[in-house]
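If you scroll down you'll find the structure; I have some questions about it.
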Amino acid sequence: MIARKTWRLVLAAGLAAAWTQAGAAPAIKLGAHAPETGSLAKHGQEQVKGIRVAAEEFSKRTGIAVDLKVYDDESQPQKAVAAVEKLAGIEKVAGIVGGYGSNLVGPASEAAERYDTPYMTTGAVDTKLSARHFKNFFRLNYMPGYAAAQANTIRELFQAKKVAILFNSQSATTEIAEAVKGQLAAGGVQVPVFEKFEKGTTNYKPLLLKARDAGCEVLLVEGYFPDYVGTIKDAKILALPVKAYVGAWGIGTPEFIRELGPMSEFVYGTSIWEMGTAPKAARAEEARFVEAYRARFKEDPSYIAMLGYLSAEYMLDAIAKGGGAAARTRDLLRAMDAVTPIGRVAFDEKGDPRHFTAVLFQTRAGKQVVVYPRDRAGGEAKYPAVPWSTR
Amino acid sequence: MRGLSKDYGKLRVVSSLTFDVREGELLGVIGPNGAGKTTLFALLGGTIAPTEGEIRFRGQAVERLRPDHRCHLGIARTFQVVRPFAELTVRENVRAAALFGKPEVPPPGEIRAAVEEVLALTGLAPVAASPARALSLPQRKRLEVARALATRPRLLLLDEVLAGLNPRAVEEAIPLIRSLHADRGITVLVIEHNLRAIMGLSQRVLVLNFGERIYDGAPQGAVEDPEVIRAYLGGPARA
Amino acid sequence: MISGSSIVQSLLSGLLEGGNYALYSLGLAFVFGILRIINLAHGEVVVLGGYVAYWTLVRYGVGPVLSMPLAAAAGGALGWLTYRLFLRRVREAPELNTLILTFGVGIFLTNLFLQLWTGDLRSIEVDWLQRPLTLGPIRASVGELAAFGFSVAAVLGLQAFLHRTRAGKAIRVTAIDRDSAALAGIDVERVDRGAFAIGGLLAGIAGPVLGILANVSPGVGGPLTVKAFILTVLAGVGSISGLIAAGMILGVGEALTVTFFSSSYRELFGFTLFLGILLARPSGLFGRRI
Amino acid sequence: MRWPGSGLRVTEGTAAALFFGALALLPLALSFNPYYLSILVAALVLGSVAVSWNVLAGLCGQVSFGHAGFFGLGAYASAILAMRAGWSPWLAMAGAGVAGVAVSLLIGLPSFKLRGPYFALAILGFAEVLKLLALNLDSLTGGSQGIFGVPPPTALRLGGLTADFEASRTANYYLAGLLLLLVWGAAVLLRRSRAGVAMATVHADEEAAAGIGVPVLRTKATALAVSAFFTALLGAFYAHYVHYLDPDSAFDGAWSIMPIVAALFGGMSTLVGPAVGALVITGLDEFLFKRLFESGHQLFFGLLLAAVIVWAPSGLLGGRVRRPTT
């Protein structure tokens, strides 16, 4: 650990020296806040890693130094506000990226609006956030895109009649569960089991049994990593006769495959991005990011890291092109329309991503194979999946 | 007091005890260790509830009343193991008792006067400003009495206030107890190990053994009563 | 419609889960019963045990059964150290102080784990433990049954240790009456330290089970401590064997709440039970025996 | 703890005067920098909750582990009163305090027969139940989605001065400071009152207190009600300050734990100590520990906590400030 830190310092010092030599253009000040401690620490740290890679790559590419200011908001709303006060108020950054969780992004983006500082998040999907019509609020992902990927796959690809939805009681998972339920109901799919569970649940069997007794063909688990681990372990023990297991986000990641081994096979999940899922036009950029990330952190990037990376890249581009004034940065971001590793990115007037759709993938032999939408698909879905007992 | 009993699990600590205390009396309660003396006081003071039986005080059944209500009626007790409010000063200890001893709040001037009077009476005036935790054991015993007195009781239950004191302190304390009784007309119940002191003090003694009354009468009679002698000398126990 | 076999299956899952609860709680209940210290760092010690088992598996391929003594030793050492460094100095202080002290130790450990091993979730995957066993329509995994058996064995073992061995008797005597124990020539300070170390050891052995049946990450210690405390109160302070029954009541109650009502009320059930017992019967369901 | 050269001992009044004086001038020294002020607001909120908590613990000897319950309750009550019932935020905050009192009595009366850690953890249990209710009573609380757009307190005009609580950190800072002063002042008055004397006796020895006629149950209930009133009031301020509420942040266990830490750190035997403690730990965490470790900096905090308990159990002010005698 210490060795890695030292190494990082040396690297940073080296880069700094390189910039000073190149350094004609003034440095861009970019702010980032994320929960680097507390229960969301894992996500926050990945997000920040992605942002760091973006800052370094941007400097290499453009020769403009980036002065990145990172603030740990500790998953506390008050600290998230303080983060923006510090970044926008004291450091006078030209833009802020990061933020994880609607309860933190809500107050933080409000403070950013007060400081008239562009704010782009990748960690808050609540529809109410953009309903405030802030000038400075942007995000790369939001709820309808996730829900559509799941509901459409279930309707079109699986043609299932009965679906069980189990969801974590937290805000984002509750919202996606409700959105998917609505979309499924509109498409004539029954949802006889719609159950909320608390964070930290360890015995999922009674829930899974409800799905079994109701004769559900598809099990949707809108949750987080521990929930997937728990439900899959219990589903295997019960030999749950569902034809597909679909998770929301954070499933099928390298960590997921590492921890669950063979049990991770044939599981579906939605994601914005997993390695190799970029549209053709953005494959090169994807490869560049993955390579830089691996070189920097000696591990594979997650989708959270990718989102952090992209948000910082767009923000930096807009700042550099527009000269740093908030109004210019905003206009440039609003005018943006590009095919990126997460698909086409363009923002509407509320700052929501116009074309955002998640992809639905299945893990096969430790890899994610995109099966929906068809135009980004890398293979056929194995549906129904093989029974749990033989995995 | 009629048919009073207290069980701790299977152990009957006080058993069908019945006795009367007349107003203005000074009654000694003696008995060997474990005879149930302190339990008797706790029952009277209300810190524990009787398993069966009743306690009447001035015509009112009080056995189900909370300790603070009994205090308001005029029953005050001291604790065998002293329990001062350690972080408060001696004066604050006494003042608290004066403030809460009766349901109606007396005017501040009256309280102040009462507190100083009690402090003077119990000889605590010189240490009134020290925190109670700084007191010596004899002083703490006095504080127990002072606090009980400040509640303006009609019935005062003194639980071994002399125990642990050196002979001189005992000599000093006895007149205090006597004066409470004589000058203020307070009914006093005294538990004491020090037989000599209690014999000299009480008008009447009650002797307990294994939670039962084995003697009730004049002090002199007690020392001659064969059952009392047996209980104290550890001869073959009754029953 | 809920089928009969589902109810039985749900019941069984609750029973097995309850057994785990008992194991996760054992160290805390023991230390509370003996030393009257509520060790708020208990859950973190369990997590440490889980990490030890995880890393020995990942790095050296040593399975959790073999690494269990190592996890126990790590927990025991941590307990001993905590006592040596801090607790012995506040033995006489009010209960609140030890509570806050161990809470601080818990925060320290959580963040230490985060520094050392990142926030990643770790789950111990061993093939033979995941294998399901079936009895008609009812199923359970080898790991679940083994964990349950282990939990019962740990509780009975602790009970036997306390009642049959010299050291155990010394611990009990000290717990009942410190002063008399000291007069009888027992080194009470050493007993305290030993008891706290045993508490750590008991927490440590629960770690691998946590890793197998659920998962290990820096943040799961806190909720484990709360659960352990709830169980300790349900069982009644000092009642070690009551933990199994209390765990089962909680586990089955939670499972059936989900089966017949909704999983939203699962936690509500736990806390309502906790408050109900605490207010109506503070000595717990199974009295106070040590 | 013996302070080196601890000849200096001040009365609590002096300590409080110095403390509040410094608080009043602090924004000038920081040239009204919003970032520092927002950190200070967080510290003041924590400090006020810590002082409220200490009314129950320091004055009456009843330690609660569940003040997050009252805090979250106040936050939700005020937000709902302001947004659903259309009350002015100021009135809603007062209403939240009253709700805190009502719920505290409901919780307290069955719990008071429990002692020590049992009482502390019973309150924790109730706090969890309240959180679960906030999570599951979707129609009232918005469930896990929380409540967006809680309005800030309406602006106050005093002569030419306007306190705009929507935009100005300075206005919020002084409001938080005034709340702290209010809580502290109420605590001082309470301690001096007859009820305060009763609390001191209950703190020292419940049985002996009952023996001199102190109504123990009523005394405890009073302490809890006052404590809950102010904790709920602060929760309400927090809701109107961050403009957003969800069960996880409003009922965060930190609202139970941190006030205890602050009170212990500052000194529970004084009334101003917990507030001082809150400022010091917030400052240390924000300006020292965070600089040392970007993530996991609470590690130091855990160690510090353990060290204070072991080596300075009476807290920062405990050895220095005399408790006033009456």
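By written order: A, B, C and D. Residues from 1 in each chain.
Note that in this section a residue touches a chain if its C-beta (ideal position, glycine included) is under 8 Å from a C-beta of that chain, and two chains touch if they have at least 3 such contacts.
Every value quoted in this text rests on a predicted model; they were computed, and no experiment measured them.
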Fewest touching-chain hops separating chain A from chain D: 1
Distance-maximising chain from chain D - centres being C-alpha averages: B
Which of A-C and B-D has more C-beta contact pairs: A-C
Distance between chain centroids, defined by C-alpha means - chain B, chain D (Å): 43
Distance from the mean Cα position of chain B to that of chain A, given in whole angstrom: 74
Centroid spacing, where centroids are CA-atom means, of chain A and chain C in whole angstrom: 35
Centre distance in Å when chain B and chain C are each reduced to the mean of their C-alpha atoms: 48
Where chain C touches two or more other chains at once, by residue number: 111, 114-115, 264, 267
Per-residue overlap in chain A, given as positions that touch at least 2 other chains: 37, 41, 45, 169
Which chain pairs touch, all of them: A-C, A-D, B-D, C-D
Contact footprint of chain D on chain B as seen in their complex: 45-47, 66-68, 71-72, 76-77, 79, 83-89, 91-92, 95-97, 99-103, 105, 129, 147-148, 150-151
Chain D residues within the chain C interface of the complex: 57, 63, 110-111, 113-114, 116-118, 120-122, 124-126, 128-129, 132, 135-136, 253, 257, 260-261, 264, 293, 295-299, 301-306, 309-311, 313
Interface residues, chain C side, partner chain A - complex: 1-3, 6, 9-10, 13-14, 17, 20, 111, 114-116, 118-123, 125, 130, 132, 139-141, 144, 213-215, 217-220, 223, 251, 254-256, 258-259, 262-264, 266-267
Chain D residues within the chain B interface of the complex: 194, 197-198, 200-201, 203-205, 207-216, 269, 323, 325-326
Chain A-facing residues of chain D, complex: 33-35, 37-39, 41-42, 45, 135, 143-146, 148-149, 167, 169, 238, 241-244, 246, 248-249, 252, 254, 286, 290, 294-298
